[in-house]
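Take a look at these structures.
Below, chain A partners chain B and then partners chain C, in two separate complexes.
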Partner chain A sequence: MKEFYLGVDVGSVSSNFVLIDSDKKVYKKLYLRTIGQPIKVMKEGMAKLKESCPEDTKILGVGATGSGRQLASIMVGADIVKNEITAHAVASLDYCPDVKTVLEIGGQDSKIIILRDGVVYDFAMNTVCAAGTGSFLDRQAGRLNIPIEEFGAYALRSTAPVRIAGRCAVFAESDMIHKQQTGQSLEDIINGLCQSLVRNYLNNLAKGKQIETPIIFQGGVAANVGIVKAFETELNAKIIVPENYDVMGAVGAAILAKEEVEKKGYTTFCGFDMINHDFRARSIECGGCPNICEVVEILDDDKVLARWGDRCGKWSNTIVDKEKTAVKEKLEKLTKEKILVG
Partner chain B sequence: MKIGIPRALLYYQYYRVWKTFFTTLGAEVVLSDKTTKDILDNGVVATVNDACLPLKVFHGAVINLIGKVDYIFIPRLKSVAKGEYICPKFCGLPDMVRYSVKNLPPIIDTEVNIRKKPRQLYKAFLSAGLYITKDKNLIKLAYHKALFENALFIEKLEKGNALLDVLANKKSTNKKGELTVAVLGHKYNVYDQYVNMNLFENLTKNNVSVITAENISDKICNDYAAKLPKKVFWSFARKLIGAANHLAKENIVDGVIYIMSFGCGIDSFVADICERTLRKNKTPFFLMMIDEHSGQGGFNTRLEAFLDMIKWRRKDDLDISPYGERVYIGKDAI
Partner chain C sequence: MILTFPHMGSVYILVKTLFDELGATYVIPPKGSKKTLELGTKYCPEMACLPLKINVGNFLESIEKGADTIVITGGCGPCRFGYYAEMHRQMFKDMGQDVEIITIEIDDTGIKGLIAKLRYLFPNKSLLSIANAIVKAFSNMKEADKLDALSYKVRPREQEKGATDAIMNKFEADVLMVTGAKEITKLIKKTQKKLKAVPLIAGYEPMKIGIVGEIYTLVEPLTNMNIEKTLGNMGVEVNRVLTTSHWIDQHILKAGLKIGKRDFEKAAYPYIKTMIGGHAQETAGHTVMYANSGYDGVIQIYPLTCMPEVVAGSILPTISKDKDIPVLTLVMDEITGEAGYITRVDAFVDMLIRKKDKEKQNERVLSRS
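For the complex of A and B:
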């Protein structure tokens, strides 16, 4: 029988699923586009996982992360729900135990994590601006009519990079158009864009932080060799891109799930059956006070699984109580079984 | 006579003073409602575009008072300590409101400027008091009462009571948590539960106890601020920088969260100085930038990661791994 831990990372652009075995080796990874439909992509991902695994596969624990982690955790019954920063740090520590810096650029956010002696020492996430993240590169690739997969290769062929303003996505775009009109080669413009994004990242996120080697670069954008090269020149250091760079968040979630389950001794995973359930999200506008919160309700057929989005807790708390009793019941059942067995 | 006080900006600092003063004179003090989405939305519409978030909240709070009061109290604050300034937006506040908000009741816009002569303070109170009574003796009494009340207020804070509890006359709800975090920033950002996205509640829920700059005595803060190579001439900045230095020296907190509203000129210096001071001492530091479009989701992610980091780092202090293995695997880590 195969036994795995599942990690789910529902992000703004991609949703990733990873199965790791008890040695934390990645057995299976899935990279899907979220396209704004997290519920659908969750079901699709789980269905694909089920298909690709042998019949007697057993999931020992599940971890969820990413901006859609709450939703994901409700749908699969996650044992642990963690923020992206911790998940990414855990995964990169597992890949390279003495890593000192993690650069992560995803679909809509970018982060830098500084680690010392195997501990997160400092971190930063982009605040108000998404310039230099995957979505922007995606858009520019689309505009230049180049598949995003080849974007980096173009940059490497450049001979004389042009300088592009990387401070703001809007300015970068108009700058690029201007450079195109003056007849600069596509390769040079793309290389200039890669360099400006790296500059922007280092100036904004890494401001005042000491970037020491080993440096790991992960997240979807790490696939772009042009960006990797630009980082290497700018930092004058070797950049390590792990094999599973695009699903590191999910790997971290799976590792965290493994630890959590080993600690508590059971899993809350609700099985692959969930792919047959009809999950729906419904939003309610609460009129209880002038805050007019938009409360989101997640339904499994007609059963309310979760509610969130309210400031006061009027809606979300009713569910939390139910959750607590459910866990308690499960625990009691487990202990009873154990007593019976013993 | 009803005097309206907007629950915004320096309400969090001077409410006790103003309330004591006006009630002693026989007026009734009416507070605007706590900040809500409605209040902020009204404020955003009314305020000039480039203003900062706290000003927008203030305008919303003023609009909230329209129709409920005879006067709205909006003092023109130029300087609240000898030789020091405060943010220039406070100097123009009554004018800003007057030109941006329609159908306003009359404004009591007494000018407070004690940069050169601290004695000017009484004059400010006198001119405000004359709106209500002609009895100058009563005004003097009310003035002294107000100052006394302020001293009591500060004393309570320095004893470690949470500001919001003291303002609401509640018993202190401060519990000792597993971690202690200091929350720094301008009071109107730190204490407005809507603006700070329920930060305090969130921290308490995570078993974290909170202290703020107000819980550190003025004397300590001033002593530290005086050691800087140059005089800090912003009144509130002095307190914050002093507090950051104190926290860095004494190691009494596990981490510091600084709340800054987007585009704040003073904070662009102060937050940075605080960050450098604390980082030098290896105190975990986290700058939270707020604006009217701030999303709860992104904020929660950062806060969660910050608390994880503190716990992780703290554990590492006690449990240093001798052979480079990860040390976070433990029964109570993350």
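For the complex of A and C:
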């Protein structure tokens, strides 16, 4: 029988699924585009995982991370729900136990994590500015009609990089157009873009932080050899890109799930059966106060699984209350049985 | 004359006590909400800081409820806030709103001018009874701040999740229903008792985080996303030295009477030697003090474009390194997305927990060898 831990990372651009065995080795990884429909992509991912696994596969635990972690955790019954910083740090520590710096550039955000002696020491996260994230590179590749996979290779062929203003995605784009209209070669412009994005990342996120080796670079953008090269030049150090760079968040979530399940002794995973369920999200506008919160309800057929989005806790607490009474009833029953036995 | 005032955390308890005692007619602005922020953002200059926007939102909501006179503090110097009263005056004029704005401050007219303003606000009241009401109001403010501080200690330790929140929510609703200094004091004391009776998890030692930064953002839950509550429900004990009553003590009483150097000034001295406006000196000083008294981490919060805190923020990494205390900085404005902040705070707490675990492990290894 095969036994695995499942890690799910539902991000803004991609949703990743990873199965690791008890030695934390990646058995299977899936990289899907979220395309704005996390519920659909979750089911699709789980269905694909089920197909690719032997019949007697057993999932020992599930961890969820990413901006859609709450939703993902409800759908699969995650044992642990963790923020992206912790998940990425855990995964890179497992890959390289003495890592000191983690550079992570994803679809819509970028992070820097500084580690010392195997613990996170400092971190910064950029979610406001799109310059330097995967979405922007994607857009530029699309505009230049170059497959995103080859984008980095173009940069490596450059002979004389062009300086592109990288502070802001809008300015970077108009600067690129300007340079292209003056007749600069595509390779040089793309290389210039890579360099300016790296400068922007280091000036904004890494300001005042000590970047020490070993340095790990992960997230979807780590596939871009142009960016990797630019980081190496700018930092004058070797950059390690792990084999599973694109799903490190999910790997971290799976490792965390393993730790959690080993501690508590059981899993809350609801099984692959969830792909047959009809999950829906419904949003209600609460009129209880002038905050007018948009409360989101997650339904499994007609059963309300979770509610969130309210500031006061009026809606989300109703679910907690139900859980509480359920636990209470269970405890009472147990004590009663004990009394009967005793 | 129907008075109103801006919200700033539990300052409404101070003002309510004062106005109740002096028999004034007044409107307490509705608790800050998205609507408050929308109204404020609509009429304020974009680069103004969040507090101004919320103040204006509060006033507009109060005016809707019938208020015609705004009472606000002013003052020369601390930061932009000093001229906000004047800005309000101009803005309401531009909006065509007919409201009167009374600034409680000691300006060029000296103490005489202040007394004249108080007399205008509370006619038929003797100066003695006004002074008496102010004393009572300050005393209630102190008790309300104590109540908040108590909730920060109880929340992470409560056995049943949400018990503290329920008590505090009830207090917020009930306090609006009672009148007069005595009744308010009674209610605060009663709530303090209720909090003390909440069953706690025995032997649980929570993480301790100190909160520093710009005072308005720290005190007003609308601007700090209920940071104390969020952290408390994550099982973290929070401490915040900066409260309204602390501010009154330190800045009006102690500074006014010029009693020696204040503790945070001493602590901040190696990093900031003088007052540079706002609460920059407190931010640096309190971070040092938290580090010295064994806190696990510090969170700095300030509104976007707040100059004194930007300066303090650039000093904090040095203090963090010198004193080995992790610091997280959160900058707030009206387009702040809550999810991003929760992720940061969550990651910060995780980082502290893992750091502490590691330290404990090392201690064990050391004691064994």
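The definition used in the following text is that the second predicted complex is superposed on the first by the 321 of 342 C-alpha atoms of A that agree within 3 Å, B and C clash if a C-alpha of one lies under 4 Å from a C-alpha of the other, contacts with A are read in each partner's own complex, and residues count from 1 in each chain.
Everything that follows uses one rule, which is that contacts are C-beta pairs under 8 Å (C-beta built on N, C-alpha and C of every residue); 3 or more make two chains touch, one makes a residue touch a chain.
Predicted model, so just to flag it, every value in this text is computed and none were measured.
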Inset, instruction - After lining both complexes up on chain A, report clash or fit for chain B versus chain C. - result: clash
Inset, instruction - Tell me which partner A:263 touches in the superposition: chain B (first), chain C (second), both or neither. - result: first
Inset, instruction - Counting touched residues of chain A, say whether chain B or chain C comes out ahead. - result: B
Legend entry - Touched partner set for A:157, first chain B, second chain C, both or neither: neither
Inset, instruction - Could you tell me if A:33 is touching chain B, chain C, both of them or neither one (first, second, both, neither)? - result: neither
Inset, instruction - Look at A:93 in the shared chain and tell me whether it touches chain B only, chain C only, both, or neither; answer first, second, both or neither. - result: first
Legend entry - Touching partner for A:2 - first (chain B), second (chain C), both, neither: neither
Legend entry - Overlap of the chain B and chain C footprints on chain A, listed as residue numbers: 67, 82-86, 117-123, 125, 127, 208, 289-292, 311
Legend entry - Contact footprint of chain A on chain B as seen in their complex: 33, 36-39, 194, 198, 262, 275-276, 279, 284, 289, 291, 297-298, 300-302, 304-306, 308-309, 312-313, 315-316, 320-321, 324-329, 331, 334
Legend entry - chain A - residues contacting chain B, complex: 67, 82-86, 90, 93-94, 97-98, 109, 117-123, 125, 127-128, 208, 256, 259, 263, 289-293, 311
Legend entry - For the chain C and chain A complex, residues of the former touching the latter: 30-31, 33-36, 161-162, 165, 169, 226, 314, 317, 326, 337, 339-340, 343-344, 346-348, 350-351, 354-355, 358
Legend entry - Parts of chain A lying in touch with chain C, wherever the complex brings them together: 67, 82-86, 117-123, 125, 127, 208, 289-292, 311-313, 317, 320
